[in-house]
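Heads up, the next two complexes both have chain A, just with different partners, chain B and then chain C.
Then we have the complex of A and B:
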């Protein structure tokens, strides 16, 4: 059992959850993840660590509500217990002095990339941040990033920013205007893919933190397998950080849809059966 | 008249708006608030056009064309204006995906994140691909929104059944508000707040469940965006195929379109072009049917009882078994129960089977609480003949509507829409019944009658009419003198006391009925016991003659009129399902073949029980053989709606498992029992025979009527009046301190064969539960009860259980519960009797 210290919605669909996990805090490093279960029956959800606090003995994750289990997770409140919180899992992100590093993120990835950007800054790099959001009201932690970034860019289709392009176009502009040694990208698979494709012709090292379907998170089940270069790798134990230019993206896109119909069935069942029955029961 | 649009000369005869005329001639004018069937609103301002001689720009949706009018729809300043307006609309609607070049790639690669909680872009929106906003943006050619986008951040409302409401996507076109108010007569949702904060909502922000929503889904169907989305299909792709059919769940016979994606059945929508429901439906057809026909509780294989357990068998085995057993019994030892939820073909074959093969007279032919059966029986008994069929349009043309019986929104939602049209034209509505109902707010007179005394109220009205006009004009008519004498024998004071209605109210009502040109008496289903129902039907006929009103007796189940018409042509000897049930209880039968939901009594003495149903139910516990039947949506049979309109079902779905249409099962059984093989191979063969043998079905043919072609049951055109003397009623048992409340049963409509909608669908249970015991809030306080408490109702005759539901429509001192004939016969005895209510399961 782990206790929820805080859970709040940052922006539409994106929630932040702070969990008391003193043992995990002692060991976690940027780029690693934990696995949570919102209740005994739900799925195991792998979530990147977005922050941690040694004094409070707590870890923080940022997640997107995108299915039954994350729906359940988003309904938890401070003081609630969750049955499973394991970690830290996966290899930490590579942190050293690269020179100038661009962190390009969107969606839940804005939270997930934060500890990496912070560590890179501490390691003496010049850190630039590029955040993608459909609209101004979807951007969060702007102040945190501005504090650790030398430059902060936004790509959006919102008239608010006077910019109407998706991240790769803005990324190319940034790369043109600045000498960048390394790009790190976290966000939805399509965002990471487009960022990798944008840097490929320029031969800039690009690392992505992948999010395949995962079950146990310790290399046993192989659900998170993906092709990187010539070899098959497991995102849980070999990653989640991989060279974006070597990833077999088509396979990853394909595998992510494996359980799409079942995921929908599960969500519909929860919304149309479990929830109403619970409401009826509460009345009676 | 001639109108010039964009240089094109267009000829038109009828009065129509510029927008309508342009659409008819394939001239595109964008619009988001206009919707067929709704009054012009001019809310979105996208349909602005330039009309020569008119100042500025005019909304084409609300300006009617005139002869010689010159309209320009596509000048550069109009295009620019539209883009500006659209940009402003989009500042409050997630617009990123609408203008993003990556949209198609995202649709492909981000498909899995469609399951998000809140919609912040088209790729996440349930309406993606069917959104009118997307079409308009494309047509107007908008590429950029220059203004900052604003998120209203209104919590998505997901706790109501059937659909979600996300007002962050709402563009305030007002279609939902208008359809709810103008077409459905409910006004559950309306514009709330003012200025920049204007939104659509319920009063005090309550849930739809608490706001009186009937969940007809009309608002969902008109919403141009993803603001209102059906839960069951919101994550599915838009349909790639549609099939026409008719809803079998009630007597309205709404035309529906079944939607499919890659052959997966998604659900049903009301068909826009239908003469019956013209784009409207109700909760049953719109939301429940989908789950009913594909229920987990469908019976997929024939079952035979072996070693006291039902085991799967082949059709051959099951039919052999059943036929061998049937052969052992004499005709009078066997009974057949059919259901008005079967198709005409099924009912015909069932009747033929009972008559020719089993040679039994024990088959149910009367329906409980059905106005249609009651009025037609009363007519036959007394030699009366008058038109019993009608068109819904006849109701919308009435000047005065006298509505007797239960809540029309629940029992006959589409009839209610016709009444509403009449009210729009200035008609008066009078409601008479023991319950309040949501339609009462439109009533110019509400007559709250003591339960069970309906026939006295109608006699009261007749008496007032007669005393007012002297009655000379009727004196020569058949039966009048006797009728008059029976009325004269009852003093007004007694009528006032027994009905609980003052003479002034009754006189005013009588005045309205008599003086209005076209008055109509709608007789809606209610359950007040056989005798009282018959008396009410007779009294209604008298009133109709005196006030020169037309009678609209409604039918109850999906194919009630068809069932009634076929039954009558077979034999006059009629039994109701309750009578058969009582005979079973007395142990009169040794074998029973049922195709209707039946609560088999304990110690029934039955040696053989054959259950033919689509769903598993309690009657399976005692069944010896179970024969899986198709639901009507899987057959190509025909059903007759409340108007008398014969409609084809057209089997949009494939049959599930080994289920077969009912007529086919009966035919096969008949072939095994005697030499009487009916020789049908398709439903068309049966229709051919029906057209030949049943005079009322003369107009049907082997192929089903196409939509648009109207085929009705044949009806006697003769008009024969006869007054029926008033039958005195038995006194009702009085309430006592020990039994302080009066129980009144309400007809339950939410079932299809053995499937109870509220048990099958969890969301339906929230909306309307079969287990509800409805009572007034003051009574709940008096007996220290709360919403949802499990309770037992006890009378001297028996008891049953349920859950408290507080209803503003139930008067103090009364409790109501649902009753489904055949299924709830245990409750029937308790009807109208004093009861006490106790807490506990």
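Then we have the complex of A and C:
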């Protein structure tokens, strides 16, 4: 059992959750994740560590509501318990002095990339941040990023850019105007894919944090396996950070979609049978 | 090594001889002549009907009745030289517990077994008896049909549990020493029980959210109902064992960290949790699972009750399971229970070489499972959504025996053929879980990724750190894991008392 310290909506559809995890907080590193189960019947789902506070003994994750598990998480209140919160899992992101690093993120990835950007800054890099959102009002943690970034960019689609051409357009501009040694990208699969494709011709090292469906998160099941370069890797123990230019993106897209119909069924069932009937007023 | 059929230790021989010479045993032996006993036929294990049971997850075997158990116990000849004991990796005093059944003292009998085996309800169900205790049974030599030792073991432990009178032994006074058991499989649970009884403070650390290891996430409920394990865990809690779930040793904390927190001795029982794949083209297609993933989704996450439980699993119409061991049998029977129109085993050797327990193969056949022997997949084909839709196979023939003593399968050129499939479960074995080895400096790891131990003590290369079960042996058996655990517990107690 793990106690929820706080849960609040950051922007529409994206929430942050602070969980009491005195053991995890002592060892977690940027780029790692935890596996949670929102309730006893729930699925085990991975969420990246977006922040942690050793004094409070807590970790924080940022999540986007997409299906049953994240719906359930989005209804938790301070003081609630969840049955599973295990971690830290996965290899930490590689942190060292690379020179100038561009952190490109969207949706939940804005939260997930934050500790990496912070650690890169502390390691003496010049850190640039590029944050992507459909519209300006979907951007969060701007103040946090401004504090640790030497430069801060936004790509959003309220009228400025063509939808099909979102983050890579701005990314390309940034790469043209600045000498970048390394790119790290976290967000939905499509965002990570387009960022990797944008840097490929320029031969800039690009690392992504992959998000295949997982079960145990400890290397026991192989649900998270992916082709990276010539070998099959288990994202939960060999990753989640991988070289974006070596990832078999096609395979990952299909893998993430593989339970699509079941996920809809699950959500419908939950809304019909188990979602609390009385609509309580959202706290925030 | 532990697998070898040892001669019995002098102490055990002495103990067996003493029991053999007790008055009541002598009388009981005389009450029915051996010739009569040998004429009695083996009591069948009552089972649910194949075409009923293959649609649900309730237990297949229903257990012997009291009457049947007593009758079966009568078949045992109470040999002066009980070979059966030599076949049991933990050396249970088999004639004593069986004769107590014949006498109707079921609780006493259960207690007798528990002197050496702390999970008899599990072993009675899943031990490969036909290659262990029952293989060496003298009655088998005499009549061809051994005493049903496993079924009797199951009977008495079920009797004790269902009667609610589980005997909690006396716990020695607290020693103040702290023990960390890593992994809650049968090995870890055994160490925990043994050391708690000796008065040490034991904490079991488990990565998953339910204790039991393979016994809960791997072996399905139709073979081993969860209640049995829950009872066992409750019992350990009564002994004062603490369980810390959702704790991955190596990630949440390392062994070194735990040492700093005051733990004095460690048992690594993290099992063989790394699934092997074949490395053939198309193996990452959607619809191809490792047996670990498939069984975990169903047994641990309850995907068979989806959408009531949130975790889904693919329901194949044409399900194929690759392999011939217990894990493969469990997977294929699970696929059948989840509604596959055809559930098939594809195995590269012949029926004779299948390592699964005979009973499981027999049950699978009764339930309508198909078998393709001497067949091996060589690649997969997908539909437009990257889902597996067919599998190319090649036929095999058997050559000379290999290092395992089984005849090596050799592909027959030109025998390729295509099988339509929409669900594949790869069940070709597991390797030791590599995590602990990677993050524990100084822990010696063998060439198969196994933790290396001194087989006499189960001590690893690190002071106060012991290991056993599948992490040491690779995929083995429940009873071997428990045997290792008992040796380790004995040595750990010595270490802690020094």
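Criterion: the second predicted complex is superposed on the first by the 268 of 284 C-alpha atoms of A that agree within 3 Å, B and C clash if a C-alpha of one lies under 4 Å from a C-alpha of the other, contacts with A are read in each partner's own complex, and residues count from 1 in each chain.
In this text, a contact is a pair of C-beta atoms (placed from the backbone, for glycine too) under 8 Å apart; a residue touches a chain by one contact, two chains touch by 3 or more.
Every value quoted in this text rests on a predicted model; they were computed, and no experiment measured them.
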| item | value |
| --- | --- |
| Partner chain(s) touched by A:23 [first = chain B, second = chain C, both, neither] | second |
| First, second, both or neither for A:124, with chain B first and chain C second | neither |
| Contacts of A:65 with chain B and chain C, given as first, second, both or neither | first |
| Chain B versus chain C as contact partner of A:263, first or second or both or neither | both |
| Chain B versus chain C as contact partner of A:79, first or second or both or neither | neither |
| First, second, both or neither for A:99, with chain B first and chain C second | neither |
| Partner chain(s) touched by A:229 [first = chain B, second = chain C, both, neither] | neither |
| Overlapping contact positions on chain A, where the chain C interface meets the chain B interface | 257, 263, 268 |
| Residue numbers on chain C that touch chain A, as the complex places them | 207-209, 246-248, 251-253, 257, 273-275, 277, 279, 283-284, 286-287, 289-290, 292-293, 296-297, 301-302, 306-312, 385-387, 433-435 |
| Sites on chain A touched by chain B in the complex | 12-13, 64-67, 71, 74, 134-138, 156-160, 164-166, 188-190, 193-194, 253, 256-257, 260, 263-264, 267-268, 271-273, 275-277, 279-280, 282-284 |
| Touching residues on chain A, where the partner in the complex is chain C | 2, 23-24, 26-27, 37, 41-44, 68-69, 83-89, 215-216, 218-223, 225-227, 232, 237, 250-251, 254-255, 257-259, 262-263, 265-266, 268-270 |
| Chain B residues within the chain A interface of the complex | 91, 94-97, 99-102, 105-106, 109-113, 115-118, 120-121, 124, 144-151, 153, 158-159, 161, 168, 231-232, 235-236, 761-763, 765-766, 769, 787-790, 803 |
